[in-house]
């Protein structure tokens, strides 16, 4: 691993939205990266960031406040590393333009996630999939590239399932999520819709959960991903919590597994070596809580500064093998923090193009 | 069916607690029943109801306010019909004493639910199980009897599953619940524990959900219940909602079933004839909502004055056959209202002992 | 008073928004009025109401669902009585056009509230101000007219203060409001802003509270309103409640007043005779609650189907004379319900132009 | 100022409750203090702390988990400094016993707050009142002493008012609070009471707010406190927030004051020198926020790790001179953190008895 000699300039695309703001918040004081550019829609371009942004949480970082917002055009955004918080309606075209222009794009959008030559990565789970970038460049003729991270709810489930899949092989999973309002961005969910309510529907969420984990837990065979063959049934619910997606999982493995076996696997799991010791790496990517009523959304969401996924209530499932609960921070581990960790892995591997 | 000629005196045991209060609220102005006695622990006995009760919701009914609280002793509680909101720590002994003394006890406690000779009844689902009372009286030598209703979360799931089981036969069900704080009584869940939080654990709830439905959806063979042989895996969560238990269900039937088939079955389901047309019967025991994001806890909990269970989001399950959402009012349909409807069925059948 | 011989056709302007929907909900089954037309912006005009409306609460009334939305043009909206839920950005021009065209406009917008010739009315408080319509017609040359109701928070405070002003004369009032999210319409307050939060600011709310009460509690001298000369200091807060604006009041009168005197005045207050016995009149316009911790927003907001204002905690103020708490339903008493009651008074007085 | 050479052993009385837990959390890793003893009721005494405590927030500090709980008896609690989180029902007797036994008692209970010889202190506001300890010892014959901190809501208001009182003299204040549920301890406010609700009543809170500020903002004349003569009217409300008491203030000074003057006074206020540079001192005791909608409870409560009080919305009051909003963390600045800062001041002044 090699830390960069001087901070690498990075850009945030879609910088004025909720995910864009989280990128900027997490990149504040980052030892390797420096926010050199912020880009957003034409409507905001040309004006100072602080003027066009309804800043949501904490103080607006001073080093970004006066940056003039650029349009989402690689010719006007100078930075080798680009974090994309763009809406899927525009991400497809814009991200491709940046990749073609030699930039490394770390994307939260869904557009390229399931493309065969695009890595969909949680570093502790499948950092080796980053090697797909080579295939991607060859196939698309790009000098840069696109690396995606998964849907926020799929991320929490995938991290809880990865150690089990590695140890026992998964065959079937039923996952029911209880997701926080911050997952919908800002202004996002109207308070009239969610105060004292549960909305058992989140548009387009269940298909993502049912598809993305197979790719992430798949095997990289040197040139392509061989998807993991387990099947997933997902139920997605919006609940009146601020941050933190909680998932209740019923899990069937290729052979019977006891809670004690699963517990041991979780306790010893460290994830990919490539993901350890980086600026955004938590002390533990996964922690197991033994109290009967944990993890809880509000009480455990900030573990590892939002980068640790908590697992608990590991118990026998009367139908399958295991029941358990997983929880993680949706806008940190499940979005901006995950992207930044992906970038850190690439930097440490020397994969970032010179500025 | 025969309505009583004059109001039947009823008693509420455990009248000062949250469920007891709901009984009293629902019985206010009831055309068949009149609250003639309220009973509670020795600590409250001998004092006016209004003085010993921290009344939670709405105005305290005038006809009950000045009743002197009796101890939970059949000799001091004159009423042929007794609604029990007792805690399970005392319900076992007290309810047996009332049944032995010739009273018909409608119980919310878990103590007798799974006893082979005790009916566990949602009238629309299995009113025919009430015939078990005959077996119960013979076996126990009681002149009265005990009829129980199910755990509140099991009730919502059972109502959604009953039509499917009747039509297609169930084999496996994964149910994840999102339950309101009123399910824990009063004072119940501390606000510090649940504001902006999810607690993925409710003591002793999952085993009830995993057992009680098999009995309710079982078949009465003339002398005993033959339990339905499907298996259930339950995940119970507490969420910051006031009233309404929502359940996400993954359902496997004995043969493949499409959402359209399920929808048709729900739409035409009327439940047991014995449960229709009674004072507490809703116009529809089950309603199907077709909007993509319904039922929602706060918006649909009061359907049918809390007696209608709402079903929605009927869709294909990638593992099993069906996914759907069910919602009902936990303290009405899932507790006091369900007990009262049970009593109404028995009255209509002439099964209530003379006062 | 005279009830109309047949239902009067009414229109709702701004029918697709939150207040517009409340009008439609409250007018459903109204004995005197029939929703004959719904009007909204050009964007929605020409399409069925159900298609252009994101209906928020309860079932969409069948009689309105298929009405074709009209533009806000009196030539295309046939109804002698028009309820306006328009945004203030457009209300000024549109309401004037309807009034000029002979319609009676009942407006929730702020535009005309403080105009000297426009009645600002809570019927129980100042139904006599409706006589200003005569002045208005003469001065403006309108055949119809505009009647406004007050800001929702000002309404609750004004109803609590009206009996005291009549009995003792007010000199100074400090009012701090705790207002529900429904006051901001839909989508209104983002959940990320208000879950577990207090926002001590509501744009343009405090000036309204500090001005409108003086007009409403003023005296109609036959041709104009002589404003009540007391002074008001207002603090407006948004809190995470659904419905109900609660106001904490410190009150100085022209002479010392005891809580007992105030209580007696409230208990005997009936408000203007013109406002009694109408379809939307509650049994009590004002109720006094004697429990130490009432009124409470969630528990008392629906009193009188949302038309009763609750007053409680009447106690000595160490600086002024009285402290008390007032609570009312902001979208019913404070908006649509108040407008409808205004219209009912006018109908009963024979003031509605023939259809 | 002198930092202690080695950590001073401290005890927490009432250690198992919510405030006691906050003491332990804040003392974890404290550079000057080491939790050497935890004491609670006889029921808990003799058992390890972790066994008798329902720990509410974050991980239970390891150094305390296995301490054996002592009874609240100075003979069995060895520590020169004692933080009291006792309930007022027992605090009177117990705190006196510890003071008599030579301990310095920092108390959150109300019992001694208004005693003429007991300092009621917010260090930045009135650290000089600590000299009252001398009077107290002489009068009561104690070798130790009792120092109290104020009611949590009074604390926020007092910090906002102190600079204004020093600069302009206060004459009248109306304060309306919106208080978080953590102010009621644990289990505290039932969720059924507060979800989606406002309770405009907190037992015994308003009299404290109306009395304690006069003492804190009073003048120490060398032997006694001369109370500040302004008068206060308080309205206390419970709202569904977790932490943070927000106060809306209408303020009359001895002479007209403009918002700009007040702003300047706040911006330059540093508070008592004795309170600066201590381990628990925030960078700013008071911060002024200039956004129109700040401070907000959830967004600003943690400023200065809960020790900074935020002031905002400084504007003209139509009745008095100023309106403004103040916010602070009720369990940190308003309780345990305030006590610890009091102790730090005393240690720095050499006022702590040798262990």
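Here are some notes:
The chains carry the letters A, B, C and D, assigned in the order they are written, with residues numbered from 1 in each.
As a convention for this text, a contact is a pair of C-beta atoms (placed from the backbone, for glycine too) under 8 Å apart; a residue touches a chain by one contact, two chains touch by 3 or more.
Treat the numbers as computed from the prediction; the structure is a model and nothing was measured.
Because chain A and chain B share one sequence, their contact can be compared position by position; here over half of the interface residue numbers appear on both sides. For the pairs B-C and B-D, the larger set of C-beta contacts lies at B-D. Per-chain Cα centroids separate chain B from chain D by 48 Å. Note: centroid distance chain B to chain C, computed from Cα atoms, is 41 Å. If each chain is reduced to the centroid of its CA atoms, chain A and chain B end up 43 Å from each other.
Among the residues of chain C, those touching two or more other chains are numbered 195-196, 240-242, 299.
Per the touch definition, chain A reaches chain C in the complex via residues 18, 56, 181-182, 186-196, 240-242. Chain contact summary for the complex, chain A toward chain D: residues 57-58, 195-196, 299. Here chain C touches chain D in the complex through residues 172, 174, 176, 178, 195-201, 210, 231-233, 235, 237, 239-242, 244, 246, 248, 250, 292-293, 295-299, 312-313, 317-320, 323, 325, going by the rule given at the top.
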